[in-house]
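Reading through the structure tokens given below for one structure.
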Amino acid sequence: MPELLRIEGLSAGYGQAVVLQDIALTLPEGQTLALLGRNGAGKTTLIDTLAGATRQHAGTIHLGGVALHPLPAHQRAAAGIGWVPQERNIFASLTVHENLTAVARPARASAGTGEAAGTDAIAPARPRPWTPERVYDMFPRLAERKTHLGTQLSGGEQQMLAVGRALVLNPRLLLLDEPLEGLAPIIVQELLRAIRRITREEGLSAIIVEQHPQAILAISDHAAVLDRGRIVHTGSAATLRQQPGLLDGWLGVTR
Amino acid sequence: MTQTAAQPPTVLATRGLGKRFGGISATCDVTLELKKGARHALIGPNGAGKTTLINLLTGVLAPSEGTIVLDGQDITRLAPHQRVRRGMVRTFQINQLFDSLTPQETLALAVAQQQGLGGQWWRPLGARRAVMQRCEQLLEQFQLTSVMAQETRVLAYGKRRLLEIALALACAPRVLLLDEPVAGVPAGEREELLQTVAALPADVSVLLIEHDMDLVFRFASRMTVLVNGAVLTEGDPDSIARDPRVQAVYLGAAEQESAHA
Amino acid sequence: QDKPFKIGLILPMTGQQATTGRQIEAAAKLYMAQNGDTVAGRKVQLLVRDDTSLPDMTRRLAQELVVNDKVNVLAGMGITPSALATAPLATQSKTPLVVMSAATSSITEASPYVVRTSFTLPQVSVPLADWASGNGIKKVVTLVSDYGPGIDAEKYFSQRLSANGGQVTEALRVPLRSPDFAPFLQKVRDAKPDALFVFVPSGASAAVMKQFLERGLGKAGIRLIATGDVTEDDQLNAMGDGALGVVTSHHYSAAHPSPLNKQFVQAFEQANKGLRPNFMAVGGYDGMRVIYEALKTTRGVGDGDALLAAMKGQVFESPRGPVSIDAQTRDIVQNVYLRKVERVDGQLYNVEFDVIEGVKDPGKSR
Amino acid sequence: MEPRTPLSRERRWRWWEPVFWLLALAAPLVLPGQALIINTMAITALFALSLDLILGYAGIVSLGHAAFFGLGGYAAALFAKHVMPDPLVGLVVGMGAATLLGAVASLTILRGTDLTRLMVTLGVGLVLLELANRFDALTGGADGLQGVVLGPVLGRFEFDLSGRTAAWYSLSLLLLFFLLARRIVQSPFGATLKAIRDNRLRAMAIGIPVTLRLAQVYTLAAALAGAAGALHTQTTGFASLDLFEFHRSADVLLILVIGGVGWLYGGILGAAGLMLLQDRISSVTPQYWMFWIGLFLVLLVLIGRDRLLRPWTWFEGRNA
Amino acid sequence: MSRTPARAVDRCPCPLPAAAMLTLLFDGIAYGMLLFILALGLAVTMGLMHFVNLAHGAFAMAGGYITVLLMQRLDVPFLVCLPLAFAGPALLGGVLERTLYRPLYRKPHLDQVLFSIGLVFIAVAGADYFAGSTQQIMQLPEWLKGRTEWGSGAFMLGMGHYRLFIIALCAALTVGLQYLLARTRWGSRLRAAVDDQRVAAGLGIDVNLVFLSTFAIGSGLAGLGGALGAEMLGLDPSFPLKFMIHFLIVVAVGGTSSITGPLLAALLLGIADVAGKYYIPKLGAFIVYSLMIVILLWRPQGLFVRQGGRK
């Protein structure tokens, strides 16, 4: 399977502070990586760095052969990053629908947009591009709240919207930072299934951060463990799942 | 008469409570009873109206219909601060703190207000022994002593979450409404936090909203399930976990197992 | 004596009244340039302060000038409230206060130390009322700014007009802060008088002129008559041909055909990048003269009472014509001219066609 | 981020505070020529202090604070002119009038956004201005109220031409009201105000009667602004419409923001700083002083108040 | 005392209320339209970008001076001046946005007030230095000077051609802007960028570009308003201070969530102002301020806020 993401020698942080050091990771097209680690290990920082929202000190990031690291944040989205930030950050003064349309961009395969030239060659044709309508199909709850302002949504609805908002970018790599927080158990299961389906069937890749490792290891292909800003383990998700003891060592007390 | 001994009295009750936002009924015809000393959980799918219900109970929102009764008195029309004075206190799903005050100031202020000193202007806040003692106790209890003199806005998320809950306790609640209190708190520390709540005096009634079913089932002695703004069912944890309707709309398949685990 | 003789000149140098301050300052400096800065052996020093047209600021500045800088004379005063606020201070400190611009009649009564070299509105509006009656104008609407000078103008104009058998059918007072004259002029138009009498302070005049034309009041047969503030000399050219034929009464026109004035205008324009002097400039210029002459008379003593006495009763030739300082009222006595806007050498000027000589302030001759 | 003073030590005086006040009170003696501007500064400082109570501590933006200043000023002036010339009684009358207006006007600031409050307060100020203009028989209209003559302070100290009595009169009242304000902001009442400013929703949720508190502090601030206005007309012997003008409200807001909001010395330092600056620059260049003040404001914001006003921090390394 | 004027006023056949109703309405609309264009840029920066730019009037003044000076000194035709009056301030706004304004977006509002007032002071002194403190008087081209009158008596409608021109131009601009906001995603992208710069950028919105263009357009509109208003409102260095309150009133009353809000507010205020001065001249600006207070107490968010989710 062709490689989609390659991170080498990455170090990043906030202002003067360096949080991440010497990160190296690769992820093949259409596969899912579970990113684990204690509180404050730097998971969010890594996700945000990929999205271009932190200060990058060193290293390279390539997405489908395109160098992301020199690009400003808004061009990374054009190059195929879809970001679900940890705190959801729904645009408060936009309606649900506007939250989707303000950022939506046409599917990459169909549109010959000038950005990220050359990526089309390796992108497989998508079955169906993500549009606001398709997001509403996935989360009917949002369709009912189309004209509500972002702040008038319940906590869980905001989470759904954040995921939908990343999908309408029609990204190649989805970055999900604790997407299950605050969601009802049944929605959690549905969302996990949906993520799995999207990655499997539509060739989308994803990096998922989660407090409950068991839940995401089940749907991931790979796993990486962060500790104090460094990667301390990478391997297959299945292996890690079978060795809970190993995980406890890195993550501290978990059940 | 004879029953009162066996069954504790009702502290908080709603009758036919409803709230509409334009065309949407966020709460409809909710009738709920909270007994004295209860450890009661409120669960339901996202957007079921749980937060809205808390907002109605505390007076942040005005109900479209129905009544709220606290200690046998109708409080439907009371202002939020008057309800707090009667002992009904809440936490917020998303932290609501005083960003430019320190934890110490925040708690001292709440304690002073609770002791009826909020309107006094001739003696400094820090000069009141009773206030400062209670304040220190709370700081200690929630491990905030080390950061008590830092502005709240610079605190780490975890500390802010603790302060959110400490602040509610500073108001000396008799009825405590908790809206996803452990959201954002790492798995390992959630238990500990809820323990503090569970250890409140036996006459304090607690209503808890939470999506982490492990915690909920361990904490609650009684549960109400809210769906689309209305009460679907109410009962003890076991019966709720087994209720197929609850499984269908909320728990799903997997959680059923973990509830019994 | 070797101490300098200090004149504290307090004027609005910024804000909406800034032109007043600029004209007076420029004129005062011109006078000093022409007449030297040493009088009766004393060096004359001009301390200019900006009061931004705030009366309390004027007063504080005056007080500071008196107490700290020990000025011998206070001068300037762009607007009536400023002059009124400062007057008690002049009395208290026995410092002559030469009012160079403010034009409400009552200012000289506010303190025995006030001497005025500008004009008063009654002074110029009464002759205009006479002219109007003599020229077939019976029904008039008055439009004035709602403050001291405006009310003076309205009162004396209409008194005289009705004494002459005419009638003011409507008296409109425009708030000082009014960006749009349209509704007022619309009202005038609906009232259809023979003429509209206007007084507004400098700055607002151009707007009135333009609105008057735009609203077609002239075409509807309404004549515009005004105090000279409205066809202010330094703005006149910019108002354009619409201003042609407007009749005003005033004490000064840059086109006044005396040799002294020609010289004054030329010198002023030269010193100020072609800026044309207006009536405020002449007020400042004459004010300086009154101070200089008083200093000469008192042989440089500079004592307040002595200076004041020497100011009273001065008679001299000003660029505006012969003037005197009334010894009783300390107000200026001067010719009032009736003028019409005409084109002279391609430029617009207030050309004088009639003169009423030696007009005292009617506000005091009751 | 250095930690703040814990509550228990907050109410102590810092070493420089008594020094500051002693210097201030000595100023009219040491700098007799500056007594007038010191007087004006003290009055403006009191006015700014009053605005700080609502803006800095309760978070209410106001562009109409001059309404209370003006009313207090006119009430005191009219009282002196028509009833009795004693300054202190006049001051109380001025404050009383402003307090009443404040209590009524407090109803207008309870709802809405910052912009709404800004405009409503502005509107109240301007309406009052129009009213004062309208009732010119009483107020003298646009020409101002003349002939206000004050008796001696405490029956002993005549207002003199050099302005020294005036300066001491204003400075002592400033000190008095400062002490009062200091008490208030350190009290539980003051703490509830800060809570409301930071988060109104939460303030309600811990039992603070938000509307009542806002009304109380607004009325209190109105009283202090009225006192400042009364001092103003008493020490100048004159009242004019611009007491109510928009620019007066705007100036005091600028002064407060320059000095620092939510810090009782902010208004005082801002008043002293800006007025001194304006006075000096405008006597050098009466025409273009505005340019320099403007430049100062722009730099102040771009460089940062802390760094500009505390030069000693220029050389310290930035501590994280 | 003053017997004549008082009597005269009493005797005057009370100005027929309807005498000039249509004309007044027309004047009010023209005045309102002008206020609208002048305030529009402020509504955008303040309402959408949450930046309190009190220097807005300075951009308007720049537009006014560009027009007046070009016409006076270089005899440039009025219609050519107008686009320049837009372009000049827009460019200036763009440059200032890049250099000075950008770091201030995240500062407290009070700092923004301080900063922009500072800019106003600089602009006032600068205009005074370069163009003098006198009122600038603009000579309109002949075809705009006339006046057309229809009907007679109570229903006479007199329309100054210039006011007609203003109404037409402003109406066209309104339609154009409405199109820009409704048909392009610019509006929602702008609000998204304001709500959360970091996340908006991470989701593909070029925040800097959005802000820059918005600010430039706002400044350009102000400049155009200044050019159009120089004739009716007068133009001198104190312009930005003098009219600040008027702009703020329009924005506050109109609310900031659409451009129809400020438009209706400006029209309402324009008509109320003109009619108020006509019928009750004594009370002057009283009417407008009282109207504003009443409206804001009744609808604290402004007259025309979007009630998200209510429909």
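Here the chain labels run A, B, C, D and E in written order, and each chain numbers its own residues starting at 1.
Throughout what follows, contacts are C-beta pairs under 8 Å (C-beta built on N, C-alpha and C of every residue); 3 or more make two chains touch, one makes a residue touch a chain.
All of these numbers come straight from a predicted model, not from anything done at the bench.
*Asks:* Identify the chains in contact with subunit A as well as subunit D, in label order.
*Replies:* Looking at subunit D and subunit A together, the chains touching each of them are B, E.
*Asks:* Please identify the chain with the largest separation between its CA centroid and the CA centroid of subunit A.
*Replies:* C
*Asks:* Approximately how many whole Å separate the CA-defined centres of subunit D and subunit E?
*Replies:* Between these chains, centre-to-centre, one finds 32 Å.
*Asks:* Distance from the CA centroid of subunit C to that of subunit E, rounded to the nearest Å?
*Replies:* So the centre of subunit C lies 34 Å away from the centre of subunit E.
*Asks:* Can you compute the centre-to-centre distance for subunit B and subunit E, using the mean CA position of each chain? Integer Å is fine.
*Replies:* 49
*Asks:* Approximately how many whole Å separate the CA-defined centres of subunit B and subunit D?
*Replies:* 43
*Asks:* Note the residues in subunit B that touch 2 or more other chains, in rising order.
*Replies:* Counting only residues that touch two or more other chains, subunit B contributes 21, 24.
*Asks:* Which subunit C residues touch at least two other chains?
*Replies:* In subunit C, 14, 18, 22, 146, 175 touch at least two other chains.
*Asks:* So which stretches of subunit E touch two or more other chains?
*Replies:* If we look for residues of subunit E contacting two or more partner chains, we find 124-125, 128, 282, 284-285, 309, 311.
*Asks:* Would you mind writing out the residues of subunit D in touch with subunit E in their complex?
*Replies:* Per the stated touch rule, the residues are 61, 108, 111-116, 118-120, 122-124, 126-127, 130-131, 133-134, 246-247, 250, 253-254, 257-258, 261, 287-291, 293-298, 300-302.
*Asks:* Considering the complex alone, what residue numbers of subunit D touch subunit C?
*Replies:* 33-37, 40, 130, 133, 141-144, 146-147, 161-163, 232, 236-238, 240-243, 282-283, 286-287, 289-290
*Asks:* Contact residues on subunit A for subunit B in the complex?
*Replies:* The contact residues of subunit A facing subunit B are 38-39, 141, 144-145, 152-157, 159-160, 181-190, 211-212, 252-255.
*Asks:* What residues of subunit E sit close enough to touch subunit D in their complex?
*Replies:* 46, 100, 103-104, 107, 109-115, 117-126, 128-129, 241, 245, 248-249, 251-253, 282-286, 289-290, 292-293, 296-297, 300-302
*Asks:* Touching residues of subunit E toward subunit C in the complex: what are they?
*Replies:* Touching subunit C from subunit E are residues 2, 4-5, 8-9, 11-12, 15-16, 19-20, 23-24, 27, 31, 72, 124-125, 128, 132-137, 139, 145, 147, 149, 158, 160, 162, 231-234, 236-238, 242-243, 246, 273-278, 281-282, 284-285.
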